[in-house]
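Sharing a structure here in structure tokens format.
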Amino acid sequence: MERKLRVTVWNENVHERELAEVRAIYPDGIHGCIRQFLEAKGDMEVTCVTLDMPQQGITEELLANTDVLIWWSHARQEEITEQTSGLVKKHVLMGMGLIALHSAHYSRIMRELLGTGMTLHWRHDDFEKLWCVAPSHPIAKGIPACIEIPGEEMYGEYFDIPRPDDVVFIGSFSRGEVFRSGCTFERGYGKIFFFQPGHETCPTYHMPAVQDIIANAVRWAAPVNRLSKPLENCEETGLQRGDF
Amino acid sequence: MERKLRVTVWNENVHERELAEVRAIYPDGIHGCIRQFLEAKGDMEVTCVTLDMPQQGITEELLANTDVLIWWSHARQEEITEQTSGLVKKHVLMGMGLIALHSAHYSRIMRELLGTGMTLHWRHDDFEKLWCVAPSHPIAKGIPACIEIPGEEMYGEYFDIPRPDDVVFIGSFSRGEVFRSGCTFERGYGKIFFFQPGHETCPTYHMPAVQDIIANAVRWAAPVNRLSKPLENCEETGLQRGDF
Amino acid sequence: MERKLRVTVWNENVHERELAEVRAIYPDGIHGCIRQFLEAKGDMEVTCVTLDMPQQGITEELLANTDVLIWWSHARQEEITEQTSGLVKKHVLMGMGLIALHSAHYSRIMRELLGTGMTLHWRHDDFEKLWCVAPSHPIAKGIPACIEIPGEEMYGEYFDIPRPDDVVFIGSFSRGEVFRSGCTFERGYGKIFFFQPGHETCPTYHMPAVQDIIANAVRWAAPVNRLSKPLENCEETGLQRGDF
Amino acid sequence: MERKLRVTVWNENVHERELAEVRAIYPDGIHGCIRQFLEAKGDMEVTCVTLDMPQQGITEELLANTDVLIWWSHARQEEITEQTSGLVKKHVLMGMGLIALHSAHYSRIMRELLGTGMTLHWRHDDFEKLWCVAPSHPIAKGIPACIEIPGEEMYGEYFDIPRPDDVVFIGSFSRGEVFRSGCTFERGYGKIFFFQPGHETCPTYHMPAVQDIIANAVRWAAPVNRLSKPLENCEETGLQRGDF
């Protein structure tokens, strides 16, 4: 029997505590909702951590035992320390998967891993149609050609990201805006999936199709090969020229 | 002084002759409209050919003297002969640029060069917003972040193309459909740009921003290196093992 | 329990019958060797077909029940009929995986699916170092950073292929030639892997690391989503403008 | 008349001052050599700056008037300040081109723009064959299929970079090592080219083919569209839902 995938959900967990509107949708926090639907899949075990924990919830030991890290952040992104971000980056480059949700596009870790500004256009109180444009991608397994999300924040282009390895989903919004809503990137030995839906005042993570996408992304982002220590510039020694 | 780019516009020229509605928009044919706005740019000279000409307008001599071929086709795509398509394919692989417009997504030459089904969803009588998602691409030079096209045919995903080298534009339509409306592909020594707008009953090619995109695409698709004959599987001879 | 992956190995099987040198290396044919090492993996069941069978070994029923098709061809590529190639292409676009080995770069099916000339440089009697340049790709799972293949045919650039989705392996040869030896392409709903090693006079397919690569490729190329019939251009009907 | 491209060459200029061996090859510094061959092309004007200048040679005014920045660094990469690196990154994301040469793979600016470890394997006292694998790329214009560099440092895979937008050149070395020696990346509105040859003890930048590659890269990396200030997350206001 293969062991279960070890998923860690990191959630800022600020809106849920401060806003009744959000708490009504996610009484156990966004992280609690994600844990519940992922564990129901049967092939994953989920740990939740939040910003208010010691070391902002991120330790070397935790990440060394995490196959895929899911990250939701928004209001307190500026508080993330160099140590927290550096630990996540190190483990991604060594093979740990990373799924950045919604406003985590602008998290410190995404900006440091991808190197671009990660900016976009946005507007509250919209709805979305999410189209699958890469049906052979593992993240698209069993996902309908179009998902209608009744309430969602508009995210619009231009989205300042590097050219994605794959654009799996493109979203459209009420005034004709479009967005590369599901994108993959590989960095070092690790895989990254950015997924745009998930505004805190909308029950998006309760939608089965959205849950399936996130579960597929976890399976896709799990390490293929994993390093035990970071790569280094490495001199080739002990070899003689011409002994190919 | 650099010589002008030699552009050939191939147009089916069927709708223009058969439908007064189309003729009213393009009295000189779609090819005539394209010739006019490209020649006005000053750095291009344009030849027009049409389906009803001998050899369907495509000869070895013409293509050998063409830097970029623009192709508009729709109603008679099934009539294109193996010889016509083969000549175009040969010259693209040797370096000639190719710009396929609108319904030419389903032309014989595009299906043979790209290898996929090239199918999509469509609906008449719509409008489009065209978003630039690759502002550093030469085809995007001077193009606004969003172009509104008042009348256009809807083309919707899933669009059965290979993963494009670049998606420069994404279009959206009235019911939230999205489409990879401006895509690039490189095949052999040649560059290909597919551009979705341009339904025959809409005056799309009279829009300055659309004209700028097509002119940019011509400059981008012009050959970088050009072969004088097709590549062949080629044995490396006269060399001895180990004499690297 | 998940069902086993259904692999079909198509082999030309000409060199094995005609040349004692090849028969000595592959007494059961290249297809027999591949079947043996794939079935030993435990999660695959393998069917073998050869060129000399009715319908060149390729039937609608066979492909409809194949998850991944492996193709080895060389001397008789010109004999492949339009029907054979068309059936394979249809099923790849509907989701069947395809692994093209060695000289199958120039097979009719690869040329029709990829659209380029597929030409390269070659030289017999060489050796190869195969480097993994995409360690996070599923095909690289457990594969060493460098594999030394003591005897192999040189394949050298320029290799006339479309830009691959991923280059997983780059090979080098005795005079400093390089080659994109392991490349992936997605076409329609199907995944394609081209793998260069495997000259018929070399025991390459007996090497465990090469066997692991091919087994990984089968698992990667297995359909994510599979269509029951080819995609068609499809009119959106029954919808009213503005009812987004 | 089009104005000339404004190129700035930033050079660490340490080895040239400290080592007679290097000074003998580059009496005017690596920057002086690059300036000379680029200005001889006729369409570029070149400014040189070095690490020992005020503000490490990098000012807002300089970069605002630079189309393409060329960067050579090695021994003192750790000394580059956050301000220097941040200014360069800001201008790349706004459209300035960047060409990173040789050991600048590991410069602070490349690590911050690309987000990966940028590590590789290396060995002194080798030679290289450099193969063009993207003959339709503007950087390949007029470049031979293979360039032999008699003396060069070996750089070998695995090279920890994001998947490049294009791999234009692959290098091979004396023991069969391979390297993605010419890679492009787009970040924000800016284009980046990394080019591996150019070890300080080898006269590589005196080779005409290498000079042509760098000149081509400058023309390719010049801004297509350029921003006057950094992109920001931007709320769409003043629009009403449904007024598409």
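Letters are used for the chains, namely A, B, C and D, taken in the order the chains are written, and counting of residues starts over at 1 for each.
In this text, a contact is a pair of C-beta atoms (placed from the backbone, for glycine too) under 8 Å apart; a residue touches a chain by one contact, two chains touch by 3 or more.
All values derive from a computational prediction rather than experimental measurement.
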item: Longest centre-to-centre distance from chain B, chain (CA-based); value: A
item: Selected pair, greater C-beta contact count between B-D and A-B; value: A-B
item: Centroid spacing, where centroids are CA-atom means, of chain A and chain B in whole angstrom; value: 37
item: Mean-CA-position distance for chain D and chain B (Å); value: 33
item: Residues of chain C whose C-beta touches two or more other chains; value: 129, 134-135, 156, 158, 163, 174, 176-177, 186, 188, 244
item: Complex contact set, residues of chain D against chain A; value: 89, 93, 106, 112-117, 119-123, 125-126, 154, 156, 158, 160, 162-163, 165, 174-177, 185-188, 230-237, 239, 241-244
item: Chain D to chain C touching residues, read off their complex; value: 129, 131-135, 145, 156-159, 163, 166-167, 170-173, 176-178, 180
item: Interfacial residue positions of chain D with respect to chain B in the complex; value: 95, 134-138, 140-142, 174, 186, 188-191, 223-225, 244
